[in-house]
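In what follows, chain A forms one complex with chain B and a second complex with chain C.
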Partner chain A sequence: MESAQKKDVPVVTVLDPKFKYEVAREPGGENIKYCFQCGTCTSGCKVAEFDSKYNPRKIIRMVILGMRERVLSGDFIWLCATCYTCHERCPQDVRIPEVMNALKNIAVREGYIHPAFRAQAELIAGYGRLYEVDELANEKRTDWGLTEIPQGCPEVAEIYGITGLADLLSGGAGGKL
Partner chain B sequence: MPSMLQDTGFDARIGVYVCHCGLNIAGVVDVEAVRESARFLEGVVVVRDNRYTCSEVGQKGIADDIKEFMLNRVVIASCSPRLHEKTFRTLLEKSGLNPHLLEMANIREHCSWVHYDNHEAATEKAKGLVHSSVARARLLQPLSRTKGRVVPEVMVVGGGVAGISASLYLGGMGIKTYLVEREPSIGGHMAMLDKTFPTLDCSLCILSPKMVEVAECENIKVLSYSEIEKVEGQVGDFRVQVRRKPRYVNEEKCVGCGDCVAKCPVKVKDDFNRNMGTRKAIYIPFPQAIPPAYVIDDQNCRYLTQGKCKICQAVCERGAIEYDQTSYVETIEVGAIIVATGFQPYDPRGLPQYGYGRFPNVITSLDFERLICADGPTYGKLKRPGDSQVPKRVAFIQCVGSRSVASGCRGYGLDAETGSSVGATDPKAYCSRVCCMITAKQAFMVKEKYPDAEVYVYYIDMRTAGKGFEEFYQRGRHEGIVFLRGKPGEIEERDDGCLRIISEDLDSGCILDLCFDMVVLAQGLTPPDGLVEFAQKMNLSRSEDGFLMEGHPKLRPAETAIDGIYLAGCVQFPKDIPDSVAQAGAAAAAAAVTCSKESIEIDPLGPVIDEALCIGCKLCEMLCPYGAIKVELTDKGPKAKSIEVACKGCGVCGASCSTRAITMKHYTDSQLTAQAKAILEVV
Partner chain C sequence: MKMAVFLGCTVPVRNLSYELSAKRVAGELGLELVDIPEFGCCGYPVKSVHHETAYLLAARNLALAEERGLDICTLCSACTSVLTEVSRELTANEALLDATCKSLGMLGRRYSGKVKVKHFVRVLYEDIGLEAVEKAVKRPLDMFSIASHYGCHYLKPSEIYDRFDHPEVPQSLDRLVAATGARAVDYRTKKDCCGGAILGVDEETALSMARAKLDDISNAGADAINLICPFCSVMYGANQRKIGAGRDVKYDLPILYYPQILGLAMGISHEELGLMQNPIRPRALLAKIS
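Then we have the complex of A and B:
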């Protein structure tokens, strides 16, 4: 365990100085080390305004310090809305939303997938889209003179197989969160 | 005797010295291997390696070898010739050899420093460079240096506090000095400031006595409203063409009574007051201007643009108005030039998220100086531009245009009046160095004038290194200025005109959502307008940050790579007034050293023209960037002639001559080919 909880104060006793290089090697994470903690990202972040769990500056700080477990297992890295406001303004060109993607990619490989994302992935695997197309919808389409939409999408399932996403979802992986 | 050994009729006897430079070279390059690889090269008589070749011991070793082995060529593999070529040439000269029989291989900057992560490749490259230097050394010829004259006068370009100080130092030493200023008055940015940190003395009260001193010093001639058109020549002997713009007012006759201003019917925005007030078409930028003469703004004068008016001429009792003045070029000869063209404040329209130019109550630090200044558009009352109310809550935002590698939003900035996009520039990566103290000062001044006002400063880091600076910053905190760590992402203007800033307060961990009556953006300092073209005219290099490059970042901060041209003030990098004045002193001293010489030795580089081959085609004349080669009519037809004093030895003529009539001294075709061949053999 890299951190223990003393009442509600997080006490960190072990830091992994290599974590930041790991993130920097991941596509999207290249510029993470440039951050000089100015707070511009958080000041304009619409998610941070609503949810104190999400603070892009702090997440980057935690990565640079090397709180590997805490970051990868946290659900906060999944909260970025990828609006790119911070990306536009960050004076050090850290490309925060892309850093979040890099972190999510590492997290998934480590077996952490946020339940909401997991549910979405499963929906897409089944229907090829984020919602089910039912009989009623196709009846309406026929009335309007549109072609019917197939209800399943085996090609997507195939892509899941090739990319290894299927294994991630069905195997134990992804279940840690 | 040594001089006979130089004769090319003799075989070359070369000594090769490979330097460790402590661990600078030896930490990466295998110095012994490089030394051994040169041992059996043709002409090499002795090879050695030294810990420090430039040291007394190192130099003595070479001098002894020259005697003992009767060396007639020396190859030194060490640092850049920029650093030590002079040292070693002097050594050769003292040892009885012609100084041009030296060849240096730069195995530090070109090998160990750039390839620090690949020792093997660095060593191989060093061998290649040493072999090629030996090949060239075999073909080196003794050359004799010529002497150039020294004009004991100096030109200072830019009349800000740096240029003013440099001129006063030089004038005080009895050196005739020309002070060239682009604007109608000298003074620069310091003339626009209200007070100066950390002592809060009134800026013009300390600057104007110096300006008056300039006007009164008989050794200083101020050329205001003038710009440099062209520079020719070299150290000791520059010819500078200065374009004098028409003032339309005779400087000698004008007594500054101001009758003309009262009657002039044209009112325009006052650029000296950052467009916040108005002035007339005939004006003086500020009351203490030097020269104290009025000037007509020919873009706005009714007579000069529409052909009728002449009211000022009618009211001027001294007959000083001269509408028929035209611009002309004056050529001035000087021995040295000091460049002190200052800076330009960053235009925050490049960062549209802060709304400068769109929201009237978002201003810059320079705007603030004019607003709070007794001589400014509001006579020193801090009235915000939007509605002339005195703000109760003021915010300052630091690092606007500094410390940022993100590209700004080029062209997105909107002009307040026209609504059109303006070509705003990118923010800069460097720290502008003075803005933290500027804000500390301005925040303090708000509190001083309006003790009840709330003042907040948003910052990333506060940098207050300097004599009395940290103390001043702490004093501001004690006075109640609130410093907030965390940079805001944007400013929003609410319907009631208030300016809303959301930020993360890093210290409390809270998100702050605050409203202000006025926001001051601490704009960074950027290179002055037109510096790119100016540097080209002077042949000066700029550093990555866009400012002019100094001769050496530590040891020659007031010099440039061009002998005889010196730097002072912000044109080298952002700095405050004391540092600008200090550098002006250094530049003045360096220029005075140049002017004190009776003559200057000129490197004998340049073209040798074989008249038999020259067909007078003039290609070289057209291409030479220094006007140093001219085709003249001789009794054998038109032939190219070199003008030695103007030539910088760049080699363009030699490379371009289609009949190969031109050979460059010290860089002959055979020398360069031998050098290239030797490198290719190693690779």
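Then we have the complex of A and C:
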């Protein structure tokens, strides 16, 4: 034990053997246990080609090992570009981009929302869409002969209230990452 | 043929020329696109944060189209993916439809599962058909070489799109380009992602992904990139100068939306298609036609 610490080898102390079942219960995470670690996902992943921090095979292995805290608090789960290349090629139909979404959904509930995604979610709650369509934008649209778009869309914020996302965003969610 | 056009968030603010040209070309081809002003966010950006919210946002848009008895035609590939996924799930899964209807009821809306979703280009490819597209061409663009960028969510996950085109060997865009008389340029990284989805998480990686493709397309000798998604356009158009400046490279690779390419071939003026309003002004390209 002492020598391991001296060599700065990371020692995994907290494992949650039930984590994989938790992920499998989450929408999109259902097939995680089918993974047999072939690495087809990572070998064809464009993000992994440029950023070694993102390694879908490894992330799934970590989930199966039960490294709950490390996975949920890591910014690497937010690096999936959802291009679905791995999804098309996975021989076990693990549905990797959906597994990443499941992990991110759990992470959000645990207070680990990525700031970029929090910002997006808040913009959408406010404007009903990702960008504000202000008067200037509508003037331009009218000049081009395109229809005006109403500013704001209150039903979107209502949806956040119905599903509980509004509470998650205003409560403890976020801030940890 | 009449469909509700789903503009999404980015197109009506940042890619007006895409909207303008799509509507113009659709009109010529007998496809009536109806605006629904109440449409909101498709749900895609929220899916990784809160699944249920994303599904309900998508279902609300489906309900708005159903109220008018219309299927949805999309311009953005990300909108296409989440709206298609949710429309299919709600048709196949009765329990989910019931639960969704309960939530929609709180907004005073209802949905029975009837709406189908298709990307604008897929409508051209499958419903209008290549033959009709070819027939509409009055000014073949045989002076152009065009590299198509398929992006991700137009094709994948392929099961939600009934594999209308092959996710590993896609052809639809190249065939649509060839239909205009232009040469469809083949290149090595054709299927790769633009990186747009992680621009806010890791800008360096996202721009590197876009850069690899800009290099490849430039080397393949294309006059322009054919795009069908507004976020890909942010990566290759709006960010092109930034990507080049980081490495002392000056790209001059115009991006064109497919309806602009088709519109030019149909003899529509470049002003009506908004070509000079694109993020990279295609001056050299237009000089080739006139």
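We take it that the second predicted complex is superposed on the first by the 168 of 177 C-alpha atoms of A that agree within 3 Å, B and C clash if a C-alpha of one lies under 4 Å from a C-alpha of the other, contacts with A are read in each partner's own complex, and residues count from 1 in each chain.
Note that in this section contacts are C-beta pairs under 8 Å (C-beta built on N, C-alpha and C of every residue); 3 or more make two chains touch, one makes a residue touch a chain.
Predicted model only: the values in this text are computed from it and were never measured.
Trainee: Chain A superposed: clash or fit between chain B and chain C?
Mentor: They fit side by side.
Trainee: Quick check on the superposed pair: does A:Asn55 touch chain B, chain C, both, or neither? Answer first, second, both or neither.
Mentor: In the superposition, A:Asn55 touches chain B alone.
Trainee: Could you say whether A:Thr85 touches chain B, chain C, both of them, or neither, answering first, second, both or neither?
Mentor: In the superposition, A:Thr85 contacts both chain B and chain C.
Trainee: Would you sort A:Thr163 into first (chain B), second (chain C), both or neither based on which partner it touches?
Mentor: In the superposition, A:Thr163 contacts chain C only.
Trainee: Answer with first, second, both or neither: which of chain B and chain C does A:Ala116 touch in the superposed model?
Mentor: second
Trainee: In the overlaid three-chain picture, which partner chain does A:Gly39 touch, first (chain B) or second (chain C), both, or neither?
Mentor: In the superposed model, A:Gly39 contacts chain B only, not chain C.
Trainee: By residue count, which of the two partners contacts chain A more extensively, chain B or chain C?
Mentor: C
Trainee: Taking the superposition as given, tell me the minimum C-alpha spacing from chain B to chain C, whole angstrom.
Mentor: Minimum over all C-alpha pairs: 7 Å.
Trainee: Share the list of chain A residues that count as touching for chain B in one structure and for chain C in the other.
Mentor: Shared contact residues on chain A (touching chain B in one complex, chain C in the other): 85, 88.
Trainee: Can you name the residues of chain B that touch chain A in the complex?
Mentor: Going through chain B, the ones touching chain A are 353, 399, 403-406, 409, 427, 460, 485-490, 502-504, 506, 511.
Trainee: Can you check the complex and tell me which residues of chain C touch chain A?
Mentor: It comes out as residues 7-10, 12-14, 16, 19-20, 23, 35, 37-38, 40-41, 45-53, 56-57, 60, 103, 106-107, 152-153, 156-158, 167-168, 191-193, 195-198, 200-202, 204-206, 208-209, 274.
Trainee: Which of the residues in chain A end up touching chain B in this complex?
Mentor: Answer in residue numbers: 34, 36-44, 48-49, 55, 57, 85-86, 88-93.
Trainee: Can you name the residues of chain A that touch chain C in the complex?
Mentor: 26-28, 46-47, 50-51, 75, 78-85, 87-88, 97, 100-102, 104-105, 108, 113-114, 116-121, 124, 128-131, 133, 137, 140-141, 144-150, 153, 155-156, 158-160, 162-165, 168
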